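For clarity, chains are labelled A, B, C, D and E in written order, and residue numbers in each chain start from 1.
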Amino acid sequence: MLNIDNIDLHYGAAQALRGVSISAEPGKVTTVLGRNGVGKTTLLRAITGRQPISAGRMDWEGTDLSTLRADARARAGIASVPQGREIFPLLTVQENLETGFGALPRALRHVPDEVFTLFPVLKDMLGRRGGDLSGGQQQQLAIGRALVMRPRLLVLDEPTEGIQPSIIQDIGRAISYLRDRGDMAILLVEQYFDFARDLCDSFAVMDRGQIVKSGTRDSMDEAELRGLLTV
Amino acid sequence: QEDTIKVGILHSLSGTMAISETTLKDVMLMLIEEQNKKGGINGQMLEAVVVDPASDWPLFAEKARELIEGEGVDVVFGCWTSVSRKSVLPVFEELNSILFYPVQYEGEESQRNVFYTGAAPNQQAIPAVDYLMNEEGVERWVLAGTDYVYPRTTNKILEAYLQSKGVAPEDIMINYTPFGHSDWQTIVSDIATFGSAGKKTAVVSTINGDANVPFYKELGNQGISAEDIPVVAFSVGEEELAGLDTEPLVGHLAAWNYFMSVDTPENDAFIDTWIEFIGDENEVTNDPMEAHYIGFNMWVKAVEAAGTTDPDAVIDSIVGVSVPNLTGGLSTMLPNHHITKPVLVGEIQDDGQFDVVWETPGLVRGDAWSDHLPESAPLISNWLPPMSCGNFNTETGTCGGGS
Amino acid sequence: MTRLVDRRMGIFLTGLFILTVAIPAGNLWMEGQPVPSYIVSLLGKYLCYALLAVALDLVWGYTGILSLGHGAFFALGGYAMGMHLMREIGDRGVYANPELPDFMVFLNYQELPWFWYGFDQFWFACLMVLLVPGALAFVFGWFAFRSRVTGVYLSIITQAMTYALMLAFFRNEMGFGGNNGLTDFKDVLGFDLQSDATRAGLFVLSALALTAGLLISKAITKSKLGQILVCVRDSEARTRFLGYRVERYKLFVWVVSAMMAGVAGALYTPQVGIINPGEFSPANSIEIVIWVALGGRGTLVGAAIGAILVAAAKTLLTGWFPEIWLFALGALFIFVTIFMPKGVLGVVENTLKRKKKPEPEPREAEA
Amino acid sequence: MRAAPPRNPTCAPERDMTILRLCLAVLLTCLATLTAPGPAAAQSFEDLVADLPEGKFAERSAVVARLAALGDPRAVPVLEVLRDGNLHVLKSNGAVVAIREIAGDDVAYDAITGAEYGIVPRRGATKIRVNNGLRRDIRAAIGTLTLRAPDPALRLAAAEAAFSAPDPDQLDLLRAAREAENTGTVAEALDYAIAATLIAADAPEAEQVAAIEVLREMGNQDALSILTPLLQATNPVLAQAAADALAAIEANQRFWNMAQNVWFGLSLGSVLLLAAIGLAITFGVMGVINMAHGELVMIGAYTTFFVQEIIRTSFPHLFDWSLLIAAPLAFAVAGAVGVAIERGCVRFLYGRPLETLLATWGISLILQQTVRSIFGPNNREVGNPSWMSGAFEVGQMTITYNRLWILLFALAVFAVLLFVLKKTAIGLQMRAVTQNRAMAANMGIRTGWVDAMTFGLGAGIAGLAGVALSQIDNVSPNLGQSYIVDSFMVVVFGGAGNIWGTLAAAFSLGIANKFLEPYAGAVLAKILVLVFIILFIQKRPRGLFAVKGRAVEN
Amino acid sequence: MSIQLSLNGVNRSFDGFKAINNLSLTVEKGELRAIIGPNGAGKTTMMDIITGKTRPDEGEVLWNQTVDLTRTDEADSANLGIGRKFQKPTVFETHTVADNIALSLKADRGIWATLFNRRTAAEEARITELLELVKLDGDRDRLAADLSHGQKQWLEIGMLLAQDPELLLVDEPAAGMTDAETMRTAELLRGIAGKHTVIVVEHDMDFVRALDCRVTVLHQGHVLAEGSLDHVSANPQVIEVYLGR
């Protein structure tokens, strides 16, 4: 269980997050929505440990996240699919997938089959350098790489960006499959409204570093949300 | 502060030349300390001013200026490479101060403010070649050097000299290498080939500094022994040998004006003082150190005689001054600002020392202008009035450029 | 002109101007020379270094070309001037040969090599001070930039260039005096190089050259061309897609910078009295980079300050702590990199807390 | 020690040294009376030894010759002592003694009887000096005396001595020895010696022509040196035979010269490879412009020195193991320094790669000065263990052991490194961290630790390079400076980030250099290689083994 | 209408992998063309070839039926009037947002011209106009590095428009935008088509529908189908490899 409580974050003098609170539960998908530049990525960076927070508390399974460095958070079960993919360009696809092995017990150091069933293209490209892949292939690799870590919290930043429709459907199915397995909390940042809506159990809408609207899927008012995203 | 005499020490303590020059700084400190124990000069104590020109030639000029103008030193002992000396020359000339230069060099220079206590080519190279020719019957010569002015000039002189002795041009091989050359495989094997033409062959090495160690290591490894092809070096002394396993090098030669192994009471005393000063049993002494020893004592004597450290007075009074050198003779300052020295040829021993195998019967006068180069043959140097000229042309009867 | 002289440049130039007027004036008219003449030469030398640093900052700080061979252009300028000074000696050399410099006489040259022709004329030498480094830079840059050699690859071939030149100039056959280089200069344009007035004159000239160099560089970087240079530094490929011919822009600053370095060398030679192949050594060129990094990359004035600071530190430390000064200098470098990421100038400006429109800060060009 | 199989039938069953010597003595005395009669015979062995200190080198030479002619086997040890420069005259009583150092003291033993005279005070004895000429004569003299020694190695040395100093008077002696010889290599050496002697002697034409044939078979430099003067022979038959033989030998030599150049190139390449390979990690993989790399190499070399120093003073019998002990230590020491540099400085600079240049330059100054302060500015002596000394011949090609071992060592280091980087988990992590530090952390990689290990590995390998370089170059505070430029050149020329490229670059630059050197000279060769690098980079702007494609563009 | 761009039998492979396989395609002047296709179909590579970033192994690429684009480099193609927006947003991070636009404006790209260039009032006005269009007028003086991912996308679109090119190659403009913005982008592109030729790559079918133009489907480096969106989305092969279900 991830609990974010009232955090602030600054880039130098500029404040990017103001009192953001959000939580994610195993077996549930929480989506964060918002226009460009409102702080969605920043929130995820705070969780994965790329950017230090300046106030507030982040609690993950009972430990205070802000005391852990980024690599420790990964070993505590948090995996991320960052915006911009961040594939290791000179490592082969195979090696990209293996980078997460260090955080795993020996028995789990293999690439789970679901990665290849989800993204069959990766299987054909195991020997190719990650940096040579097309944009969409890289995005698939980034998701696959996160799944190798068998995370208990999966953080996805616009995972559908640049991906062909059929695979978006596959990713959607994968996310719901993972959710339904019940051992994983999923935090999803998405611009693609329909996709987000179909998957989420709860949602939060951000604007200018703040959460301006949140609730469960049932309380979701599509027209209002679309309005918030447009202004 | 007025009552001390300041002595500037201008030797590199860092950079590529530190390896050679640092001991010269130490020997100067020792000589100054010893002199002070004797009560200084004319009742005044000496004070050493040490700076580090860091093996950077323009920095030498800057530091020389700083010593003379900034620190007000009365005399400077320093420099090793020719280029560092060339770099400071104008400074000493302009500010009318005194430099003692302790290293063997290519000659072709005589400056009023500089005293050359190292060997001129005629005090090192030519006697060494004579030895090899007469004693070892060498007929074929490899002149190997680092590519810079000292080896170039020395080899030019030697080439002219050898040819005048009837050596055919095809019996002379000249080879130059860059500074710090470390891969000697090809050259050593070339030397071996050159030496296998059925005539006794020797190598005259003007290889400089760091390049010597890998050179000798390669010689040893390729199994070229001194009995087959002896190498006589002008820049390899006890200090350089300290970095080598000399076992395979026994018998290779060096020509100097001093060896640590020379058995005289002066030298024994000098070595004892040095070892005590440095505090290390294994420290060695070498030729440029002796040159500083001689130069310093000459300067002391001249100052005592002149009663002042004023450069003009000292420059006048130092010519003709004789002091004991460490090999059992008296060295004299000549009017051309070079000194008289014996020339010794030594063979490397397995203990890292040299055994003197030959020496000149008397002292050799340092010659500023080589007689073996056409342009410099007519030049002579004499800083005594009325001539007072470093490059007097005996053909035209005029004092060439310069002052 | 759009504010060529901003605040930091203003302060620096004012300081420089005061020095340039005060020192020679003081020395000429006041009793007992308040500033010893060796300090004047020393400062003159620092200013030459500063100009060299500015030249490097122009290509490194703004265009992202890390040159590890700028010492070569400096040395070539120095040699061009040195050759003129050699010729000025005339028959006052030790061998009294009116045609040949001393080193040629004792190396048995029969006649002056062709590439020495013309250097007896001052104007010709001055032209060469610009043309020789400029031409080398042009040829080198034309090939390298066209072939899209970038990053460390470019750095290393500039290093190879200066290294090769060093070895070549070491060779006596080259006709530039071998490792001793050119020295024993007497006068320039009839002025005795050892007189205090000439020294002061050279110092003032160096200051003027530095000022000109700073202003030219500033003008370039402030212009649209300057902005494009920064684009090249940050994303060369993207700049191409906008239609800019990156190689021409690079070549332009590269040649300008080389010429500036050449001028610095030309002023340096008469002030230190020697020019030799050591100036081509790769370590020297690295040191130039160090000056710029230490002063603050991409700030011009910072580069100049860095050069002066390091040179002054070297002067002082080698005198104060001859045995251990390297510790101090080394520690200084480490300290500056870790604690002053924007160089000395950055720290000074931060402490002055001048809130201004953000200057484009240098970022690392991707290798 | 291996005893030679008995050969001489008259004393065949005996292995006892004294008896062997006696046999030899009898034999030699016969021969000596045969070859060297005259006034020398009048002087006794003792007289001659007493005469050794007298006169100049030339006179001493004559005495040595007479000693040899005497054929007294006791002469061999005396001559050996003389050759090694340990024969002295005691100032106190004028006795000729051998001085041996025992536990730090000089102890004198009578040169002939071996009786002990006790400890000699400093300057209590005058050395009987030898020079090269004398040493040569002594070698020849010992050669004469040991031509029939039981140890084949001794006989071989004697035969070689006879070859290099052919003496017509010894012809019969050599032939007799050849008759009795049945060790192949020695017999061959004796054949050569006989041939050389025949040519030096005024032998009949037919014999000399046959000798020329033998030398032609020998086919090496030494043969050349003996045959060349024959071109001037007045006898046209001889001159022609010599010319033919020379032509054959020279053709053969051209081939071997090529081979030799390749070998020199490989060996220079291996040195470059060793010097550069650590940098291929710290710079090539990590992107740190590590100007302190050379100093890390230097630290490795000083570690070797330090180890040898301890071995010399305390465990001299371990000397041959010194490098094997030094290698892991050098790796550890340099690696530790590397880790310290990374943790203390470089880690603050990731993302600012160019600034690492400034900081590591500072570190290099400090390391240099530290070493200078601790060990002094001078060269330190690092010796070659016996297995790294000397050379062997492959055909006409000389291969020195130290170069061979360094080549093998370089390849081994390369192989291990390749394995670590490509096949181990830590290698993968190293590459991941250097490509994207933040993402690597998000994958659970301890980036700090991996950074330290990577830098430490590069530094440790630099240390290993130092161990090897100490065998061929100066060990001085400047050691590092002389390799840093070349190292960067190699890494970049090969293509930064590709260690196969480093391998290829090191060897191709080494070989290019060695092929140019004989034609252009060392200086010009170096310049040409640099120009070649500049031009080559124009063709391949990302080095020899460039990483191409999209992957490197962003 | 004349032909703006034509690709004939273009091939390109990487280490044996055929990224572009005998691709032929023509685009008319002023046309708006959408290109879709699975990930890795070769869409970006095709743009690389048109702009001279990648050289084809064989085949010809003709600009206005005359200029051979396989021989030009990136700067040449830009000067011919081909502008490009990249899949991964690339802007000049150390310049301000306004300067990014200013540097992209159509102007003389020579050394001397830029050295002595001064920004005119007309240029200022155009910059402001464009910034408003991409909703970055508030961020005018911020460094481009500080923008969010989506803001960089917008900035890059602004830069593309500033160049005023004849042909716009737009690689995934809507990625990372909200649905509303996606629609606005489609409108924008529709607006400039006609005067300019536009080639858009996108995976967002709503966006493509909004473009309302001819659609080319690329698969494994060659054209799989071409026609209206409805036409191609009915193609079973397109459904199989691209659209799904």
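By definition in this document, a contact is a pair of C-beta atoms (placed from the backbone, for glycine too) under 8 Å apart; a residue touches a chain by one contact, two chains touch by 3 or more.
Being a predicted model, the structure only gives us computed values, none of them experimental.
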| field | Given chain B and chain C, the chains that contact each of them | value | D
| note | Of C-D and A-E, the pair joined by more C-beta contact pairs is C-D
| field | Chain closest to the middle [Cα centroid of all protein chains] | value | C
| Relative to chain A, which chain has the most distant C-alpha mean position? | B
| query | How far is the middle of chain D from the middle of chain E, if each middle is the mean of its Cα atoms, in Å? | reply | 66
| query | If you average the CA atoms of chain A and of chain E, how far apart do the two points sit, in angstrom? | reply | 29
| With chain centres defined as C-alpha means, what is the inter-centre distance between chain B and chain D in Å? | 30
| note | Separation of the C-alpha centres, chain C versus chain E, in whole Å, is 45
| field | Multi-chain contact residues (two or more partners), chain C | value | 167, 170-171, 237, 323, 326
| request: Would you please write down the residue numbers of chain D that are in contact with two or more other chains? | output: 368-369, 481, 523, 526, 549, 553-554
| note | By the touch definition above, chain A meets two or more other chains at residues 132
| remark: Seen from chain A, its contact residues with chain D in the complex are 48-50, 69-71, 73-75, 79-80, 82, 86, 88-91, 95, 98-104, 129-132, 145, 149
| Which residues of chain B touch chain D in their complex? | 13-16, 18-19, 22-23, 135-137, 147, 175-178, 180-183, 185-187, 189-190, 192-193, 195-199, 210, 213-214, 217-218, 220-223, 226-228, 230, 239-240, 242-245, 248, 250-251, 253, 263, 347, 349-350, 355, 357
| task | Would you mind writing out the residues of chain C in touch with chain B in their complex? | result | 36-38, 41-42, 45, 89, 91-97, 103, 105-108, 167, 170-172, 178-181, 183-185, 194, 272-274, 276, 278, 314-315, 318-319, 322-323, 325-326
| note | Listed in rising order, the residues of chain A that touch chain E in the complex are 11, 14, 35-38, 41, 83-84, 121, 128, 132-137, 139-140, 158, 161-170, 191-193, 226, 229-230
| query | What part of chain D is in contact with chain C in the complex they form? | reply | 287, 289, 291, 345, 348-349, 351-359, 361-366, 368-370, 373, 481, 485, 488-489, 492-493, 496, 523-524, 526-527, 530-531, 533-534, 537-539, 541-543, 553-554
